[in-house]
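Next up: the structures, one after another.
You will see chain A twice below: alongside chain B first, and alongside chain C after that.
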Partner chain A sequence: MRDVAVIGVGHTKFGKSEKGNIELFAEAAIQAMEEAGVGKGDIEALFVGNCLGGMAEGVANIAPFLAWELNLGTIPATRFEGACASATVAFRDAYMWVASGAYDMVLAGGTERTLVMGTPFATRTFAMGSDRFESQTGLTFPGVFAMAAVLYSKVHGIPLDKLREKMAHVSIKNHKHGAINPKAQFYKKYGNLKVEDVLNSPMIAYPLTLLDCCPFSDGGTAAILCSADIARKFTDEPIYVLGTGQASGGPLGRQEDYTKFPARVASARMAFKQAGLSPKDIQVLEAHDCFTIAEIILLECCGFFDWGTAADATEEGQTDIGGVIPTNPSGGLLGKGHPVGATGVSQIYAIVEQLLGKAVKGNQVDPVPEIGMTDNLGGDGATLAHVILGRSRRKK
Partner chain B sequence: MAGIEIEEAEKELMEAPKYPLTMDEYKKTLKEGKLLGLRCGACGEVTCPPMMVCQRCGSKELEKIEMSGKGELMTLTVINVPPEGFEGPYIVCLVKTAEGPWIPARLDYDISKLTPEVLGKTVELKEGLTLPGDKYSAGERVVPVFKVVE
Partner chain C sequence: MRDVAVIGVGHTKFGKSEKGNIELFAEAAIQAMEEAGVGKGDIEALFVGNCLGGMAEGVANIAPFLAWELNLGTIPATRFEGACASATVAFRDAYMWVASGAYDMVLAGGTERTLVMGTPFATRTFAMGSDRFESQTGLTFPGVFAMAAVLYSKVHGIPLDKLREKMAHVSIKNHKHGAINPKAQFYKKYGNLKVEDVLNSPMIAYPLTLLDCCPFSDGGTAAILCSADIARKFTDEPIYVLGTGQASGGPLGRQEDYTKFPARVASARMAFKQAGLSPKDIQVLEAHDCFTIAEIILLECCGFFDWGTAADATEEGQTDIGGVIPTNPSGGLLGKGHPVGATGVSQIYAIVEQLLGKAVKGNQVDPVPEIGMTDNLGGDGATLAHVILGRSRRKK
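And then the complex of A and B:
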């Protein structure tokens, strides 16, 4: 397998948009192509993550239209769907194709429009990402993670009221960072939350309140991947893909204690193994905080903290800048927004920005980190994907 | 003439693997108050809700059984903001059945009196609740509803 580099990235403003899936992706893709200085004739394939295009816009087979939208000619173009992990799955396959030598350069990313659907129908479409017997019950996505919080409290013997206070610190931290990220949905909003604000906001699915939950969002993201051997022709600062992982989980009932998502553990380990690294080597993390409890769970599943300890570590500030593992300095899904099929490459965008020292002051990890990681979850632990990025090539 | 006889092609189709307990049959039975599962002839593990192969050993030797309907309440939530097509609030839970597998269900309980104390309680199947379907649900929904055994 060849080494692969990211030579350009693009990211629209997240939040409510009047633009459609094609327009959102096109904007992000052109930005990434301009940054890399590439176009028709350079890019050999297009891989795009999109989950709910059929539901939101009645559109199927979006990928070839995107290739023509960008005037990329007749290159193969494919849509990837792994619920909220769609974009990382697209990025990882792009990585595989370039690493294998089949292509030298691929455009990967994601796009999603959800706000146009309104809350009841959007809630319904998100629940379509659950197992078919679960969605029959009327279980929602907040519901899945609300049950995870209750289970976490039971498994680790942390009273639910205490756990809710610890979880609130995830919301406070990520909203603090989102509030100073101009691309974030909640830019200039919720930057100074208190524990009581989170606990007292409207109850969505007990014990999760509105401020425990990420918003519905619209947005597009893109990245240009190429063989590391040619990367310096296009940029002085390529960011290298050091490792990737992807794994599958089944229905919640089959996973049983899903505070330890088996697919997340497997996918993170796969990425660490490929990179020859361990959690202690990661200096910045963009991770799937779809709900406050979700960030606590993922930090344990990926090996950053022992089982049952990430809630305390969060309360102590160990997951903010200056702590053991700065997590979601972009604002994460909670503060930046979560356009489902675009989110994974938004995380990759944020890590690239960090490794180049280009995040805004207050969100930039200082000194500029060498190695960063993304964690992207789709469905209720059904699709997990991880990417480890670095400023230097992998050691042979 | 090259090729196989049409009877041979028909026989091959007849003998092709068949899904052991379809969602349709599972729902029809649940409507009558019976929860069906699949017992593995190779290792004895029970799979519920149904799947193609045994969830412990992967065997295809599965026999339909009626579950006892007894279990333990593992976790729950109250859905205040339901998906389109549902009316909240209601309680969704995961029940660890006496036969082993955890299944998604509804809990029949007074929401105003709900506390974490209810976790770990013994529950039993009360009914299969039928909810109307819509254009995305491939027919009506049938959901197991459990009640706490005092």
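And then the complex of A and C:
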């Protein structure tokens, strides 16, 4: 298979938007195409993540209408739905179609409107990413991750009050980064949280408070992928796809230990194996911090910290810029927002910016990192997807 | 890219089922795996079409739960939603992952429950595959194809009464085949329709009567794809994927002439080009006869007949077994049923059976065909996908 490069990325402002899914994606796609310097005739296929379009807008099969809106002709256009991991699944598929030699240049991304639905309906429809019996008991994602926090406390012998303080540091860090990211939903908000602010914000699902939870968001994201062999015709600084992973988990109730997602371990390892890299090679990470406890768990599943140590490491600053593994310097889902089907390529956008040294001051890892990774979760452990990006091509 | 073969297929009975989407897919998948003689450890990824799971069952991200149900471990599992073309899009993607060399063996298919929704709600949710503004006017698929019939009559100067008689022959033919196909929804029903029966059945959307329209259905379908190089380890008669196509159309109101879908022309040509074949090489066709007029239009778009001649050709028997291009010998959507997200791989199942000489007596093309094709439509011209299958490998 051929090497593949990302030569342009686009990203709407996240937050409440009056735009539809089609306009959100189009805005991001046009940014990406302009950044890459590619014209409409160059794009051979479109891959888009969208999760809740049927519920939010009464539009399911959105992909061909996106191609039409962007005037891309009759190119194949495919919608991917893998709950909150939809956009990474779309990106990974786009990668394969270029790596295989079938296409030289494709457009991938995601789009989502959730705020139009209101929180109660959005929460219920989000739960459609869970096991059919579990979601019908009334279990929604805040409840799932609340249980995960309690279990983490028990499994690792960290008193829940202490764990809540450590979790608060995830919220403080990611909101701090989001507050200086102009694309973030909480730009200029929550930039100076204290542990007490997180602990004392409204309780959502014990022990998770509002500031432990990512918001509902609207947004669109896009990336242009092309064969690495032609990437330098378009940019002096292509970013290469070094590895991708995807894996599946089953119902929550059938998982042996919900603080150690087997599918996340499998997906991250798949990406590392393809890239010929290990966690210590990753210099910046954008990861699925849907809840504060989720970031702690994923850092362990992906191999960045030993089991039971990521909460302490977070409190010590090891996941902030300057630490062992700078995590979510864009603000993550907590600070930047979470337009479900668009989030995966928002993470890829953030890593591309980091590797190009273009992240905003305060969020840019220094020195400019060579290799970064994304971690994207769909459902409560059902769909996991990872991408590793680098400034240099894969070593053969 | 490598050649790819289909080494096993599975298909539930179509019609009303008390089973869920997961059980329907699992039934078909187990059939396909048993036919191929492959075990759980052999399958490296799962690709599934599903359209309305969120509406019918409150389950959106079904793919990982299918992998779990089938005990396939943490393999990547992806849901594709391309309206009624979902399963062919999933199959085409599965094909690419094997052709690229990324995987040696994958499972692809589709699953859908629609009857649990009831006709009015199912009709409205089906319309989510259309343009967002057009669907919100109240336009549903029977109305779209009714307009197509009126336009066809006008464009080609065939009086509508005469056209309705010709369209009735599509219904007669496909119901005749469905009536002897034990997997068909209308098995042992409508096997001896007359033109008057079709014309006089209840009016749905003038000029389309009930017998001009395919039914809502429940069903699951599956296929095992593998690298052609290893196919003969599993079967003496692999069926090879010779070409695939996919293309996108925009809103109905922006199409110049709705009797000539540009996306269908583009997708079919893509498949023919990859296969190095032309319409005259195709000996059996399974095609998207969602309405009788749809079959007439698709035969022209795919190049089997000149514009404006397929209605006459149908009346003359040229699309029946023994004619120029035997079309829908399985019964098609009209006679076999249309479980939206499963239909594409039902068509592939039917072509595989034909190429193996295993179709039921009366439906088997004689002599056993060497090359067959599928045509699958999603929405009202939005997503088109084609697959060409053959008993011999592609000529290089």
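In this text, the second predicted complex is superposed on the first by the 396 of 396 C-alpha atoms of A that agree within 3 Å, B and C clash if a C-alpha of one lies under 4 Å from a C-alpha of the other, contacts with A are read in each partner's own complex, and residues count from 1 in each chain.
Keep in mind that, in the parts below, a residue touches a chain if its C-beta (ideal position, glycine included) is under 8 Å from a C-beta of that chain, and two chains touch if they have at least 3 such contacts.
Just so you know, these numbers come straight off a predicted model, no measurement behind them.
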Which superposed partner A:128 touches (first chain B, second chain C, both, neither): both
Chain C versus chain B, contacts on chain A by residue: C
First (chain B), second (chain C), both or neither touched by A:254: both
Touched partner set for A:20, first chain B, second chain C, both or neither: second
Which of chain B and chain C A:154 touches, first, second, both or neither: first
Partner chain in contact with A:67 - chain B first, chain C second, else both or neither: second
Touching partner for A:204 - first (chain B), second (chain C), both, neither: first
First, second, both or neither for A:120, with chain B first and chain C second: first
First (chain B), second (chain C), both or neither touched by A:59: second
First, second, both or neither for A:369, with chain B first and chain C second: neither
Shared chain A surface residues [contacts with chain B and with chain C]: 127-128, 131-132, 135-136, 251, 254
For the chain C and chain A complex, residues of the former touching the latter: 1, 20, 22, 46, 51-52, 54-55, 57-61, 63-65, 67-69, 72, 74-83, 89, 93, 96-97, 99-102, 125, 127-132, 135-136, 246-251, 254, 262-263, 266-267, 378-379, 382-383
Interface residues, chain B side, partner chain A - complex: 23, 49, 55, 74-86, 88, 90, 92-94, 101-106, 114, 116, 119-120, 131, 136-137, 141-143
For the chain A and chain B complex, residues of the former touching the latter: 119-121, 123-124, 126-128, 131-140, 142-143, 146-148, 150-151, 153-154, 159-160, 202-208, 251-254, 256
